[in-house]
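Both complexes shown next keep subunit A, but they swap its partner, so subunit B is in the first and subunit C is in the second.
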Partner chain A sequence: MIEALVSIFQIDVLIPWILAMVLGIFVGGVPGLTATMAVALIVPLTYHMQPIAGLAMIIGVSFTSIFAGDIPATFLRVPGTPASGTAVLDGYILTHKGKGGLAIALDLFCSAIGGILGILILIFISPLLANFALKFTHYEYFWLGVLGLSMSTVISKGSNTKGFFSMGIGVLLSTVGIDLVTGYPRFTFHNSELMGGISFIPVMIGLFGISEVLNQIITTNNIDISLKNADISDKTKFSLREVFKEIKTHFLLIVKSSVIGNLIGALPGAGADVAAWVSYGAAKKTSKHPEEFGNGSIEGVVAPTSANNAAIGGSWIPALVFGIPGDTITSIVLGAMLMYGLKPGPLIFEQEMGLVNQIFAVGLVSQIFLIIIGFAGIKAYSYILKFEKNIINTSIIIFSIIGAFALRNNTFDIGIVIIFGLIGYFCEKGKIPLAPMILGLILGPMVEENLRIGLVKTEGAFLPFLSRPISLVLFLIIVLMFGLAPIKKLIKKMFTTNKEKK
Partner chain B sequence: MKKLLLLLTVLFVSSFFAFAQGETEAEDFPTKPIQVICPWSAGGGTDRTARFVADELSKILGQPVNVVNKTGGNGSVGHQAGADAKPDGYTITNVTFDICALKHLGYSDLTPAEYIPLLQFNEDAASVTVSADSKYNTLSELFDDIKSKPASSFTFSGSAIGSAWDLSRLALFDAAGVDPAKVLYVPSKGAAPAITELLGDHVDVITCSYPEVAPQVEGGSLKTLAVLSDERNPQFDNIPTAKESGIDCSYGTWRGFAVPLETPDYVVEILTDALEQVINSQTFIDFMNANGFGIKIRVGQEYGDFMISQYEGLGPMIEKAGYNN
Partner chain C sequence: MNEKKTDLIIGIISCILGIISYVLTLNFPTFGKSGVPGPEFFPRILAILFLIISVIQISKSFVEKNTKTQEIEKVDYIRMLILIALFAFYILFLDILGFFITTIIFLMILQKLVSVKFKTSIFVTFIIIMIIFLIFDKLFCVSLPAGIIL
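Showing the complex of A and B:
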């Protein structure tokens, strides 16, 4: 391990590695550009490097971009990556309360801590976890999806009915496109654009980003501007002492969220975005102050950001142990390894232990670089925030549109951003929460496809969804999550009424 | 009158210039960057080959060649964009096997006839893979049991409904004379999730290309029974063909390049020549070998005929499976 650490500190590894991490800040910071795209573009450049230099670039860019996605989410309410959808819920509120700097600094440190924990789990128990992940099939993924969807009532502020309604819209939207189970094109009206389905990234950019810009443009005419240029720079300031104090207070939550994130990341059927949502819901469910969530809760910032970076380490678990991708990035990695002349898969631990150790070392050291480069990124963003509000708003729109287009090089997605910007604006006017809609769009296919494919396997029998150990546990968690509170209430009520009778 | 004469002269001269300009354009193609449309997402196999060929192509043509991923709809979005592009040779489509199935599946009206074929450079035969501790060691043993055991005793997987590996399965069953409905088919988003399912013992058999399962086969967790090609592949000649098990079936996926109809002949010629230079180079062969992609070359008309015959063959197969939407 020491040998591996020393070997990665050479100029022809360090330079591409750090450059890739800086690129990650940019990719994560621009909505629509994803870590997967960055990795796909980087890989052809690495064919002539030594394998560890190429892998360091990929690992570095994944960590910085997942963190950097939180920056525009926190400051501007535009999630930079799918995994930062949760950062708008509390981070942006904190920015409005003048604590944006604290929120983003917490994001940075918790991302690094989550990253370290994720890598440590990868180092020490990856074979165990990988075997556990293999036990997951459609039945288990179905319940995991249901668990995630049920979070929509947990995460939404205010009316549960409206949260549920919003989630339903998301689920319905996710059914557009070619159905995986039958191959039938649904709701496509013979339009080849709709055939590809409604991609959730442009929807997310529209719902959160564009709708907020609209909201600001419309309200600033009436009310005086709350965010004056002078105090914006203050809003990105923070004291390190405060950051460390919060980390200390919430350390257990950070560890818990990282473990959840890592486990979900290790499942080939779920990634960093699902990890962030589930850990957010779990944090709220177990919090002593659930009412603060959505109103600028520190816990609501800390939990998802730890989880999504821990998920990166998780996604490498099946990739290294079995040679099967844990997410889209690791699937590109497996292809790149072939180009480096490596054989990914079960034999890698025997034949390339030196390289595996180097990967671990890169993963850990990347977290230190992440903090340094991340600070630079935050600083750069703070400068942007010093511009006039109208310039910022215009650039949000421009970047949102470019980002949405870049995703699939499709002008159709620009339309999606604009339409959902309007939908988002009117939903907020009607106090319909937006987060459940995104959740429905992300998890709808997970629930639907796994249920239907599971039923294909069992020829219609529902029993395996309950009789398998892991699926039963997941089912019980869902039952307890929603059943426990009413049951407790009922017992309490019975108890008190009995007393009264006496 | 003088004015009219002047006007006519101007018109004549300018039209001459316009014509002359057209002429020079005709002589040197390309004069601006070329775009390669890849109907599949960045980082996948098709994207990787497209980017490699694009790099090599730009060295030969002296113009940047950029890969643009237009994904969605089982490849229909990208293939459509490529067919609808301006027929000037500046937009090339990285056509894949799926173009032959799109119309039959009801995803698009596109057929291979809507392109001018340049060349095909790749072919990956499907292979049939089971778990290493499965009791089957040959394809014929497996099919004997599929025939004799009750329906739905076996679960297959490999790709989405109507995609390459599912269609390969249909072709295999067709050749073996067994109704494909006798086994359950678990659709998956691609080979990788199907391999995961097989490793976890959640399905019994998968169909996909051999290089995709090679790491697990060599690592001892999976076992490939046969490859669906006419001859054994020299790169992995320990894997028998289906023919050797008495099932005459060769099927798989392929990749190639095409341009929209009405692209001028001289442009087609320049592009084909340049592409031929690329795919005959040692660097290309090394790249394909390192990635485990098979090389199969069909140029021009031969490639076009191949696509049309495959397109026609898929019609009855897809109808029989009930996939025609």
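Showing the complex of A and C:
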């Protein structure tokens, strides 16, 4: 571990890492730009670096952007990222009461504490799980993939059928190209570019980078104008002593929310935004003063912000151990890791232990950087709002295009970016969740290959898929998730009612 | 767009996707022994999934009441078409005109479209092109397309 700590303090890791964290403040702070978008734009750059530098950029940007989303939420009542939707409730009221500085400083420290706890859980749980996962064969991986896909459709916002539709498109896209079992080209229409399959990173850049920008350019609304002249510099004052006193009083709540956030992050398809809402709801239910929630409750600030940063660590657990993404960001991470030539899964803990330790170390050190860069970000926030939105959008479009091109020096990939930008835009309009599509694209090959190789081994019999203890348990979980309507409703209720109350 | 209409559109798209992908799998050759699935097996499951989704969505759209939702956002279709044309231009001409000329034209028209002031847009174009050139061409040695003319 100490070796890993030393190795991440090289110049060629440190500089991109810190730059990415600064970028995260900007991305999180400007409403409409999200962490996922930032990660999608960063990945093409990381292709030319060593893997840990690239992963440090991705980890760094996810932590700072999720925190920075709370800055406009707290001061201006506009969430900067989806994960900061809860911060508009109590944080903004606290600003009105003249305690905005306290709220945002607490927010920052709790983000860092949540981040540390999330990473610690990742460090302790994932090697144990990986050890367990070594027992898995094709049968278990098949069910695990199916579980990931079904979970993403059940948890995602909107109707389940739309989730299935989105997932189906993702899986269907993953079948394009040469069939890995028999070598037969599927859905390629004699196009040599499609032989290798639809490359994953351009799809990501399109869905998460271009589509939101398209939305902003094509549809007109006037939030930006009122934000442009906002000045928050006089509201950010606070005393450190008061902050630490609040942290001490609410420490148990911070730990509890971090654990909840971490668990939700680990579920495939649910990320920081869901974690924030669920932990807010949980904090409200168990609070001694539930009536204060929504009226400037400190607990209402502390709980979601610890949870959404702890969710990041959680989302890495299934990603590293099973190769199943915990949220959209780790989906991109998995795509990037395959690009670097790394194969996530239990074996990574044996073969690439050095890299895994470096990832853990980056996660922990990022929290210290988060506090420093976060404070600078709060101070500089009024300037961030002065950037003209149209220029930002223009830059994102051209960087998406060039980023996709640079991966393989290929104009075909630019086409993919634009097509998926449009698909992403129309999906947003039709309220079709994008997370299942991405999980489908990543998990499709895993489900198909394991199913078919398993069936070859059993000579076509399906029964062995159910007769092993672990695979049977996984199968039963899936059945429970869909078969029992009450449980399904409960899950739905847990994850959506809070949102609708907004 | 209201819920009813979206559900119907998704149902129709899903139906088309299901039929097309099923028909395409009919041409796939079968490999090996019977009972062991070949390359057509998995896409067919997906095709059936799409058909099921389409039935659910279309029937849903008939059951739902026609609620009128207020449209807050206005979609500028002309802008959208210009934008798509601009993207097409970029893909088609990148290899012919080269990175610099194509990108300058693309960025200037794009900024005109989103009404950035002319002087600002020249400045922004210059900065963006310099950043891309320095990062990709100089730092990462990705050769940006040079084009036939330059």
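Here are some notes:
Everything that follows uses one rule, which is that the second predicted complex is superposed on the first by the 272 of 502 C-alpha atoms of A that agree within 3 Å, B and C clash if a C-alpha of one lies under 4 Å from a C-alpha of the other, contacts with A are read in each partner's own complex, and residues count from 1 in each chain.
Rule of thumb we're sticking to: a residue touches a chain if its C-beta (ideal position, glycine included) is under 8 Å from a C-beta of that chain, and two chains touch if they have at least 3 such contacts.
Please read all numbers here as calculations on a predicted model, not as lab measurements.
Judged by the touch definition given at the top, the superposed model places A:40 against subunit B, while subunit C stays out of reach.
Of the two partner chains, subunit B and subunit C are each touched by A:456.
Using the contact criterion defined above for the overlaid structures, shared-chain residue A:48 touches subunit C, although it does not reach subunit B. When the two complexes are overlaid on their common chain A, residue A:472 makes contact with neither subunit B nor subunit C.
Touch criterion not met for A:371: it reaches neither subunit B nor subunit C. With both structures placed on the common chain, the touch criterion links A:395 to subunit C but leaves subunit B unconnected. Applying the stated contact rule after C-alpha superposition, one finds that A:343 touches subunit B and leaves subunit C untouched.
In the superposition on chain A, contact is made by A:409 with both subunit B and subunit C.
When the shared chain is aligned, subunit B and subunit C each come close enough to touch A:184. Touching of subunit A by both subunit B and subunit C, each in its own complex, is seen for residues 181-182, 184, 409, 456, 459.
On subunit B, the positions that touch subunit A within their shared complex are 41-45, 47-48, 51-52, 55, 68-74, 76-77, 80, 105-108, 152, 155, 160-162, 184-187, 189, 192-193, 195-197, 199-200, 202-203, 214-216, 218-221, 287, 290-292, 323, 325.
Contact residues of subunit A toward subunit C in the complex are 45, 48, 161-162, 164-165, 168-169, 171-172, 175, 179, 181-182, 184, 186-187, 214, 217-221, 388, 390-391, 393-395, 397-399, 401-402, 405-406, 409, 411, 414-415, 418, 422, 429-432, 448, 451-452, 455-456, 459-460. Within the complex formed with subunit A, the residues of subunit C that make contact are 1, 6, 9-10, 14, 17, 21, 24, 28-29, 31, 33-39, 41-43, 46, 49-50, 53, 56-57, 60, 72-77, 79-80, 83-84, 87, 90-91, 94-95, 103, 106-107, 110-111, 113-116, 120, 124, 128, 132, 135-136, 139-145.
Looking at the complex, you find that subunit A touches subunit B at residues 36-37, 39-41, 43-44, 134-138, 177-178, 180-185, 192-193, 195-197, 268-269, 318, 322-325, 328, 331-332, 335, 338-339, 341, 343-347, 408-410, 453, 456-457, 459.
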